[in-house]
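Shared between the two complexes below is chain A, which pairs with chain B and chain C, respectively.
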Partner chain A sequence: MSEQHTFGVDRLTVELGATRALSGIALDVPPGAVTAVVGGDGAGKTTLLRCLVGEVRPTCGTLRRPGKHHLGYMPSTSGVWRDLSVAENVAFAATAYGVEPEADRPRALLRAARLDDFSDRLAGDLSGGMRQKLGVVMAMLHDPALIVLDEPSTGVDPVSRVELWRLVSEAAAGGAAVLLATTYIDEAERASSLLVLDEGRPLVEGDAASITAAVPGTLIATATPTDRTRAWRRGTRFHEWRPDGASDSADSSAVTITPDLEDAVIIEMLNRRAVAS
Partner chain B sequence: MWPMVQKEVRELRRDRRTVAMLIGLPLILLVVFGYAANFDVSEVRTAVYGDGAETVAGQLPDLFVVDTVDPNGDESTARQELVDGNADVAITTGGTTTAFVDGSSLFTAQTAAAALAQAPGSITVDILFNPDLKTSWVMVPALVGLIMAFIGTLITSLGLVRERQAGTIEQLAVMPFRPSDVIVGKIAPYFVLAYLDMIVVTVLGALLFGVPFQGSVVLFGVGAAVFLLAVLGLGVLISTVSQNQGQAVQTAMFVMLPQILLSGMIFPLESMPWGVRWIGYLLPLTYFVDLSGGIMLRGAGLPALWIPFAVLAVMAVVILGAAILRFRRDLAPDTGAPPNIDGSDAERTATA
Partner chain C sequence: MTQLARAHGATKRFGRFVAVDHADLSVDAGEIVGLIGANGAGKTTLIRMLLGLTTVSEGTVAVFGAAPSRRTRRRLGYVPQGLGLWPDLTVDENLAFTSAAFGSQAPSTRLPEGLDGDALVGSLSLGQQRQLAFVCALAHEPDLVVLDEPTSGVDPLARAHLWERIHDTAEQGAGVLVTTHYMQEAQQCDRLVLMSGGHIAARGTLDEVLQGVTAIEIDSDDWRTAFEVLAAAQIPIMLTGQRVRAVGVEPSRVDDALRAADVTARVEVVAGTLEEAMLLIEQAR
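The block that comes next holds the complex of A and B.
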């Protein structure tokens, strides 16, 4: 691992044609930690990541990133060559980054990703999860200072997700700054810090605990919400947000609860839209 | 660059449809066009030499457009004029009147020979370079160019678009390759493959059809390489305007079809109205057909062929240059610092 920096972006705005894809984004990606960018489809996650790795030219703002030899990237398509085998993909990426393909690290990463038994299999013949893991392995081969992963767990089965997270966590524990995009809030909760994007703008940011602690008003769990525009289903019940802090309800079973990260994000979206309207 | 070449070759080997096209289509083109092509001509460029040049020139049918009348010229002048491609028919007078006909312009030669047989006076017809007026002798040198154009344009564009379609071009852009490494690494296997194909087709053409190779192999090889660079450039250009392989195929066909029809390999350019003929002069294959026919059949050298050579070289530089610039834009879109919010250049940490 090379000298450690906090990477990230400041005051970043990206316009793609007539569309403003990102507006006023600031994000720190510190070494030794996993930072998550969360948001729905079209929120701007991929644009932010592509901007940071140099794939998209920002309209204005500042980028803090390492040189290419110290940057590992997995695009949303996994970035593997389907007509090459697992071993050939790894060998190509290793050679590109100046790593000996037969060195210990590529072997260890393949073993950690449980791909070592599939070395001769074409990447195109791997399952989606295995392909994603291969993409993550290729992004980490050269022990980069900054690892950028675009939705590495999308479409991946739970077991592979666990393995993916183990790879990511180990890279961060080794000192790498890891930035990953995800649509899964439960996954983002595992990150040291996170930035939630909504329509290209920052919605909330910080660590999961501080975000949930900052939720205004009251959250109740009820079977019959009073105001459906501020309620959402969680399991068999509804969670209803009361911005005024009231906790009364016609439902005798209603209870006041502590919001989790998913609740906090939904509340912040409701809050923003209420302000906008 | 070498890893790029290895990777590209491995990918190409496993792309069965592409390999099938590489093997099947050139052979189909060779056989179909080699045996079946046919056409007519309405104008024959003519030079007349010797003591009776003025008289004979005046007696020729209208089909013969006499560009040169030289009483001092002789048989060697006439032959050289045909080698240099300055005339389709060169007639020597004084004693017996002999019409030397350029057999490398097959259909012009057929038409001229038939017309000379009907002409007044006794004219001996001597067909040079392709005495039996074999269609294949004329088609094979042109097909060599067509096949290189096919590989260079279509197959190259497909290979490049595959990277974009699979999303791996993003990966290449982020990897510590120079754009030139990626571009050269991507097209080098296609260059080698097309060049090998050119050699195979030239040799196979000679073996199957007995096509002679009268001129310089080196000159031919260099000309083929220059032409190949131009058509590879077309392939790269097509890939930069195609989002998927379907689009690349369509665009490549759009570029290939005029080359087949308007390059002079099937229909003589001289017989076309200027409304379409000018398109032919914009196509690389037009000049390679001139070059390959001239070298293989007539044994022409650089002094006679410098114009198609020079045009191909300029085309190669312009097309490949434009293609590389466009492809480079895909690989390194984030060039130059973005303007900061306050209008100054943004600072950027680029070290780790």
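The block that comes next holds the complex of A and C.
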């Protein structure tokens, strides 16, 4: 591992043609931790990641990143060659990074990903989850200081997702700075800190506890929300946000609750939409 | 309660491979049933049998009390993972086509806010495409709705809106069968069915399915050393923030490993997640 830098971006703006894909983004990606970028399709996650790895040139802003050899990147397409076997994919990536394919690290990573029994299988014949795991293994073969993973768990089933998260955890515990993109709050909650993007702009950022603590107003759980535009379903009940802090309700079973991260993000999105209109 | 769909001992073999092995499943009117499992667990094959897209090798499958057919398909709304929309047609054309295929009236359904009827579907964001796929699948007012990972890729607010639609559909009396990989979505379901290796491995509400599922949380100022020590002891672990989490091991094994390496940590048994429940089920296979 090279020296311990905090990587990231400052005042990052990216225009792609007439579209402003990212606007005023600041993000720290510290070593020894997992940082998550969260957002839906089109929020700007991929553009941010591609800037950081040098595949997109920012319109303005600064990038803090290591040299190519200390950087591991898995694109959203997983970056594996479908016509090569698992072993051939690893050998190819290892050679490109100057790592001996038969060295301990590639083998240990494949074992950790539970791919060691599938070395001869074509990557194109792997399940979605296995292919994503292979992509993650290939991105960290050379023990990079910064690992950037674009939606590694999309389409990945719960069991493979746990295995994937273990791989990522081990890299962070070993001192790497890990940045991953996800559309799921469940997953982002596991990261040390997160940045939620909405239409190319930062929506909320920090660790989960400080984000939920900063939610304005009150949140109530009720069967019959007063204002449906500020309410969303959570199982059998609604969560309704009251920006003015009121907690009264016609529903006698309504209770004030502490927002979780999912609630906090929805509230900020509602807030922003309300301000915009 | 009207039973809309029922699989009884449903089995599907492809050559010697058993994709679904004696699965029992039912969906009643007005309820949302979550189907959860690893890739390859048999979820999609089970759904395809209910839809009549593939036959059963053994056992029975009934939809609205009859074997799946074009007649039952007419009362069914389905949103596949790939959405099943035509990207080169407009929003209105997609709706008109779906309605024609189902022989239903041109839909009176109002388009969701922000969805332009003249826009080419291929030019829409994934979130908007998902909304449209819902509108198309629900336009003929089906009695049973099958959704395969309906909110994949959308932001939390769009996901909340889609789930609101799912709940509305169920409240109007339709039965909903939905596959998901995520706990937050599983919380939205009335009942869950967990599949593993073609079998139904567990069923019940989320609370019932998670009953007795525990994980071990290890909180240490020196979490990195704790992580290394536990990894070296071959204990299956992962990180949650800066805490280390282990599943499927005795707390004493964690304690012993940490003590042997002189790592000070608080070790606590905590409630497990749906993922951890699935992991334990897979390990037990």
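Quick note on the criterion: the second predicted complex is superposed on the first by the 277 of 277 C-alpha atoms of A that agree within 3 Å, B and C clash if a C-alpha of one lies under 4 Å from a C-alpha of the other, contacts with A are read in each partner's own complex, and residues count from 1 in each chain.
The definition used in the following text is that contacts are C-beta pairs under 8 Å (C-beta built on N, C-alpha and C of every residue); 3 or more make two chains touch, one makes a residue touch a chain.
Here the structure is a predicted model, which is why all the values come from computation and not from measurement.
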> Superposed on chain A, are chain B and chain C clashing or fitting side by side?
Replying inline: fit
> Is A:P202 contacted by the first partner chain B, the second partner chain C, both or neither?
Replying inline: neither
> Touch check for A:I266: first (chain B), second (chain C), both, or neither?
Replying inline: second
> In the combined three-chain arrangement, what's the angle at chain A toward chain B and chain C (CA centres, steps of 10°)?
Replying inline: 100
> Once the shared chain is lined up, is A:G235 touching chain B (first), chain C (second), both, or neither of them?
Replying inline: second
>> So in the superposed three-chain picture, is A:G42 touching just chain B, just chain C, both, or none of them (first/second/both/neither)?
In response: second
>> Quick check on the superposed pair: does A:Y184 touch chain B, chain C, both, or neither? Answer first, second, both or neither.
In response: second
> So, does A:P106 touch the first partner chain B, the second partner chain C, both, or neither?
Replying inline: neither
>> Is A:G32 touching anything from chain B or chain C once the two structures are fitted on A? First, second, both or neither.
In response: second
> So, does A:D157 touch the first partner chain B, the second partner chain C, both, or neither?
Replying inline: second
> Which value, in Å, gives the least CA distance between chain B and chain C in the superposed three-chain arrangement?
Replying inline: 16
>> Taking the stated contact definition, name every residue in chain A that is touched by chain B in one complex and by chain C in the other, in rising order.
In response: none
> Hey, which residues of chain A end up touching chain B in the complex?
Replying inline: 2-3, 5, 7, 11, 13, 50-51, 53-71, 73, 75-84, 88, 91-93, 95-98, 122, 138, 144-146
>> Touching residues of chain A toward chain C in the complex: what are they?
In response: 32-34, 39-43, 127-129, 154-162, 165-166, 168-170, 172-173, 175, 183-186, 189-192, 198, 207-208, 232-235, 262, 265-266, 269-270, 273
> In the complex of these two chains, what residues of chain B are touching chain A?
Replying inline: 3, 6-7, 10-11, 14-15, 166-168, 170-171, 173-177, 332-336, 338-341, 346-352
> Which part of chain C faces chain A closely enough to touch in the complex?
Replying inline: 36-41, 125-127, 149, 152-158, 160-161, 163-164, 167, 181-184, 187-188, 223-224, 227-228, 231, 236-242, 247, 274-276, 278-279, 282
